[in-house]
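In what follows, chain A forms one complex with chain B and a second complex with chain C.
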Partner chain A sequence: MIQNTRDETLGRAADLATRWSFMMPSIILLLVTLAYPIFYTIDISFSTFDITTFGAGEWVGWANYEEVLNDYRFWDALKVTLVYLVIALPLQVTLGFAIAFLINAEWTGRGMVRALFIIPMVVAPVVAGGIWRMILDPLWGLMNYALQSISIGPLDWFGDPNLAMAAVIIIDTWRWTPFIVLIATAALLALPKDVFEAAKIDGANWWATLWSIALPLLIPIITATFVIRWLGAVKMFDIVLAATYGGPGKATNVLNLFIYEEAFRSLRFAESSAMAVIVLVLTMVLTGIFLYGSRKLEKRF
Partner chain B sequence: MGTVDIRNVRKSYGNVEVLHGVSLHIEDGEFVALVGPSGCGKSTLLRMIAGLEDVTAGDIVIGDRVVNHVAPKDRNIAMVFQNYALYPHMNVRDNMGFALRQRRTPKPEIENRVNSAARILGLEHLLDRKPRALSGGQRQRVAMGRAIVREPNVFLFDEPLSNLDAKLRVQMRSEIKELHQRLGTTTVYVTHDQIEAMTLADRVVVMNGGVIEQQGPPLELYDNPASRFVAAFIGSPPMNFIEGTVIDASALCLDDGTKLQLPMTDLASQTRVTIGVRPEHFELSSAGWPATVSIVEPTGSETQITARIGGQIVRVLIRGRTFVRPGEVIHLTVPADFVHIFDDDGAHGIQVGTRGAKKYA
Partner chain C sequence: MTALATSTPRRPSGQFGHRIRVVSGVVITLLFLFPVFWMVLTSFKQQVDIFTSPPKFFFTPTIATYVEYFRRADIERRLINTVIVAAGSGLLSIVVGTMAGYALARIRLRGGATFGVLILLSRGVPPIALAVPMFLVARQLGLTDKHITLILAYSTFLIPYVMWLMRSFFLSLPLELEESAMIDGCSRYGAFFKIILPISLPGLISTLIFSMILAWEELLFALVLTNRVASTIPVAIAGIAGDTINGANWGALTAVGTITVVPVVIFALLVQKWLIRGLADGATKG
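Showing the complex of A and B:
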């Protein structure tokens, strides 16, 4: 009897060891690549930055945060980021699903168009920024040439603050809408066909089918896409870097570019770490609120 | 008027023709079952009546109107789908009222019609539930309710019971039959289950390979199958087939040399034929076709015996109980009226000796 329980304890220990040994590699990998940088950043954000050890120096508490929050440039960058998010995200998601809905219909050449849609995603963001810089060039860019033929312009895409923001959003939309089209196409294909046939027999027209059947069925996918895109958009950096470098003035200076500038140009690592932590917390809170809201929305349908 | 007239209808997908000219007239109030193996074109035909598939050639007439190019919603039909096709985000009430809302029917009338359909189907207590909170049988009932509410001229059912378990299927089968008797609406019902077709329909249409093999009242098909295919398809357990060559007008020589005396005397000698006998029409006797018993399966009310006649397997259904044992040789006789003879033309063998009808005439 006693022998039995001892065997059992041993067996359980061996089982536990096996489990942990299987999990260990990924745990270590996650700790090294994810947890360490985060804690390193948090550590620096509460300290002075010691350039000789390239690590945290003296503990200064909330001082870095105070300085950041009192810096009008931080608030400006935050505002620019929010403007970009509020315009770009709904635009991309709406456009993505609309295009998917259209190219989902049976027509010749559909496969070709689908293939073409992949291209923007595989172009490196910096290259995309460069290409669009040329397209939007005020003097010899294609865009102004095209606009001129319908008597608009010439527009100073990178000189005017509002137009520069528009340019960034256009480039970002060009790059990311295909990704949403791809997800939306898969979602549309996965929708049950017979429900739409039932709607057809029930007399639903195109609009009713879209509004009363397709959209409610797509709500979970739309919200999921929104979250994925939102998490990507918060990190917006590369396109701005290549296309406008935050200009003109600070009109397109998104937070990440500002953080990058502060850290690696002005060498104010402690303050930029504080900003990075603020962005992290803000993102987490907003994502939480968004997920909560979307779950509510899903329940309504 | 709920008549449906299908006139020489063909359907092709690209170069592949799946319906090769089907003609069928359905009377007002009639319950017609389209039955056949998968791929025989029965669902395609139903979907063409519904307007979900184009008509390649021929005409489909509902009432007195050719509907080939009429949109599904304007055909005044209602369809019940195999997977129910309920709108998952709407509750039962909204599911049933959707079609009426699309037609801008006044709210109180929608309410009335949904409630009365719910009453007929016993769904009153489920009206506020979403489809996912319903059992399979309840979903099926909601799908039928959605059809009833529209008060259509024709009901179309596309294998509505195949997703239900056996017990529920039998129950829903009687509910559908009761519903039809109560409403008297023309019904076209597609199924691959011959029992469903036999029990429900006024007329059974057996399809195979894109053509109608035979149509008629259920028992007519059972008694007088026009072809070997229909004979094999209708009836459970299926009809036995014994192949051989006729020698001297009333005897059959099987491939292994066994000779069977036939109860008829008018067959052309030296022709290849297939003899068809339903399991329930065999009788045990002291003289007759010798068969070696291999399996005996008693079910209480009847006993199924599997035996071999000259190397060919036959199933025999005996009412009540029997004390036959495996390995034993039994003798089987069949009254002449129950012997079907098909010419030897593959699965489409045509009945040449029609005897069954006399028995019931």
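Showing the complex of A and C:
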């Protein structure tokens, strides 16, 4: 009897071990490579940085945070990042769904067009920044040549602060819209056809069809796309680095580039850690709000 | 033209609108592809053909830039490094991430769901928040400029990515698959390795290739964690693009860019088919 229960406990322990063995490798790896660095960043952000040992020095409380929050350059970089996000995200989502609608027209080449749309999506962001820097070059670039033929320009894409921001958004939109197009194409194909036919029979015009039938059906996928794109956009770094390096002046200096410069060029590790923590918290809070908001939106429709 | 006419017999009134949709769809697609086309074209130009106004579409092609830059920018070693790191981090993440994705989809674990949520949340962690401590720790442990450091750094975003994709893939498989296997005397491992993995092969391969593409393109960690020995291609491109002292070196930029992009595009186009087939067939065939 006792032998029996012991076997049972052993068996259950073995079963538990088997179950957890699927999860353990990634938990251990991510604890070492993800959780530990985050705690280390937090640790440095509350300390002085000791250049001799290249590690955290004395505990200084909120001093680094105070310094960062009093640094106008931090606020400038935050503003640049927000302008980029506020313009680029809605633009890309709208454009993505609009293009998906266009290329979903039934014809023989539809499959190929969709396949080709995967190409900009896999161009390395740093390469995208580089080639667009060439295309947008004020002197020899193809864009100004094309614009001149319709009597616009020449535009100083990388000399004017607003145009430089526009350039960054154009490049980012070129790189990321195809991703949204591919998701949107699948979503549009999955829409139930009979609802639309019923609407047509009832005499609904296309605007009513779009607004009160297609949009509510698409809301879950639109919000999901927005959240995924948001998670990518807050990591904006490569394109800016290759295309403008934050310039002219600091006009396109997004937070990630600013933190990178502060840490690895100016070796101000404590301050940049404080900034990284601020960005981390902001991102997490906003992601939480977006997820909550998208769930609310789904319920309303 | 015949295809256009025959494809929409049920709404002749919408013919015109339909044609506009098709044409504008094709034009937009070509516009999106143009920068890549222009890069490849420029990479085969001589310097004199690059800086012209109007821009040249026809010229005598040359591979001079490729030959020159393979030596000068240390492209060969960087290519090997990038392949090692992309393959290493891709394989590590696919093994570890697939197991975790399976656990999240099918195995009941106390607290497992919490770990799942935490790991998925980590997709929102900005890499810059990891770059500083990784640099410092790598420096202390003497791990700077080593392949393994980059591989581990990339696993921070690849494992959650794989987990997320494979979890939804496993959820789409019918439960009876493992249940019948385990009733037939298979262990959990047996069911996983003998039944589930073979069926998931298309999904696994496409996820692996997408992970390798993400690693192949990564810039920030590569900039921070490598110097000379383990440096990758994106770092070289950032260097060429940012080199304003020597002026715009578009030949080098486009040649190295083409080398980076072409293999990825080929793989992505292959995977695109697998991805669709993998999701469509799922468990029905095996």
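Keep in mind that, in the parts below, the second predicted complex is superposed on the first by the 274 of 301 C-alpha atoms of A that agree within 3 Å, B and C clash if a C-alpha of one lies under 4 Å from a C-alpha of the other, contacts with A are read in each partner's own complex, and residues count from 1 in each chain.
Simple rule for what comes next: a contact is a pair of C-beta atoms (placed from the backbone, for glycine too) under 8 Å apart; a residue touches a chain by one contact, two chains touch by 3 or more.
Source: prediction; values computed, not measured.
Trainee: Which partner, once the models are overlaid, touches more of chain A's residues, chain C or chain B?
Mentor: The larger set of chain A residues in touch belongs to C.
Trainee: Could you tell me if A:Ile213 is touching chain B, chain C, both of them or neither one (first, second, both, neither)?
Mentor: A:Ile213: touches chain B, not chain C.
Trainee: Pick one for A:Pro192: touches chain B only (first), chain C only (second), both, or neither.
Mentor: A:Pro192 contacts chain B only, not chain C.
Trainee: Would you sort A:Ile201 into first (chain B), second (chain C), both or neither based on which partner it touches?
Mentor: first
Trainee: Thinking of the overlay built on chain A, is A:Arg73 touched by chain B (first), by chain C (second), by both, or by neither?
Mentor: neither
Trainee: Determine, under the contact definition given at the top, whether A:Lys235 touches first (chain B), second (chain C), both, or neither.
Mentor: Second partner only.
Trainee: After lining up the shared chain so the two structures overlap, which partner does A:Arg12 touch, if you call chain B first and chain C second: first, second, both or neither?
Mentor: A:Arg12: touches no partner chain.
Trainee: What does chain C use to touch chain A in their complex?
Mentor: Per the stated touch rule, the residues are 3-4, 7-8, 18, 21-22, 24-26, 28-29, 32-33, 35-36, 38-39, 42, 50-55, 92, 95-97, 99-100, 102-104, 107-109, 112, 115, 119, 121-137, 139-140, 152-153, 155-156, 159-160, 163, 187-189, 192, 213, 216-217, 219-220, 223-224, 234, 237-238, 240-242, 248, 250, 253-254, 257, 260-261, 264-265, 268-269, 272.
Trainee: Please give the residue numbers of chain A that touch chain C in the complex, ascending.
Mentor: 18-23, 25-27, 29-30, 32-34, 36-38, 40-41, 44, 54-55, 99, 101-103, 105-109, 113, 115-135, 137, 140, 142, 145, 174, 177-178, 231, 234-235, 237-238, 241-243, 245, 255-256, 259-260, 263-264, 269, 272-273, 276-277, 279-280, 283-284, 287
Trainee: Contact residues on chain B for chain A in the complex?
Mentor: Where chain B meets chain A, its residues are 50-52, 71-74, 77-79, 81-83, 85-89, 98-99, 102-103, 146, 150.
Trainee: Chain B touches which residues of chain A in the complex?
Mentor: Going through chain A, the ones touching chain B are 192, 194-195, 197-205, 208, 212-213, 216-217, 301.
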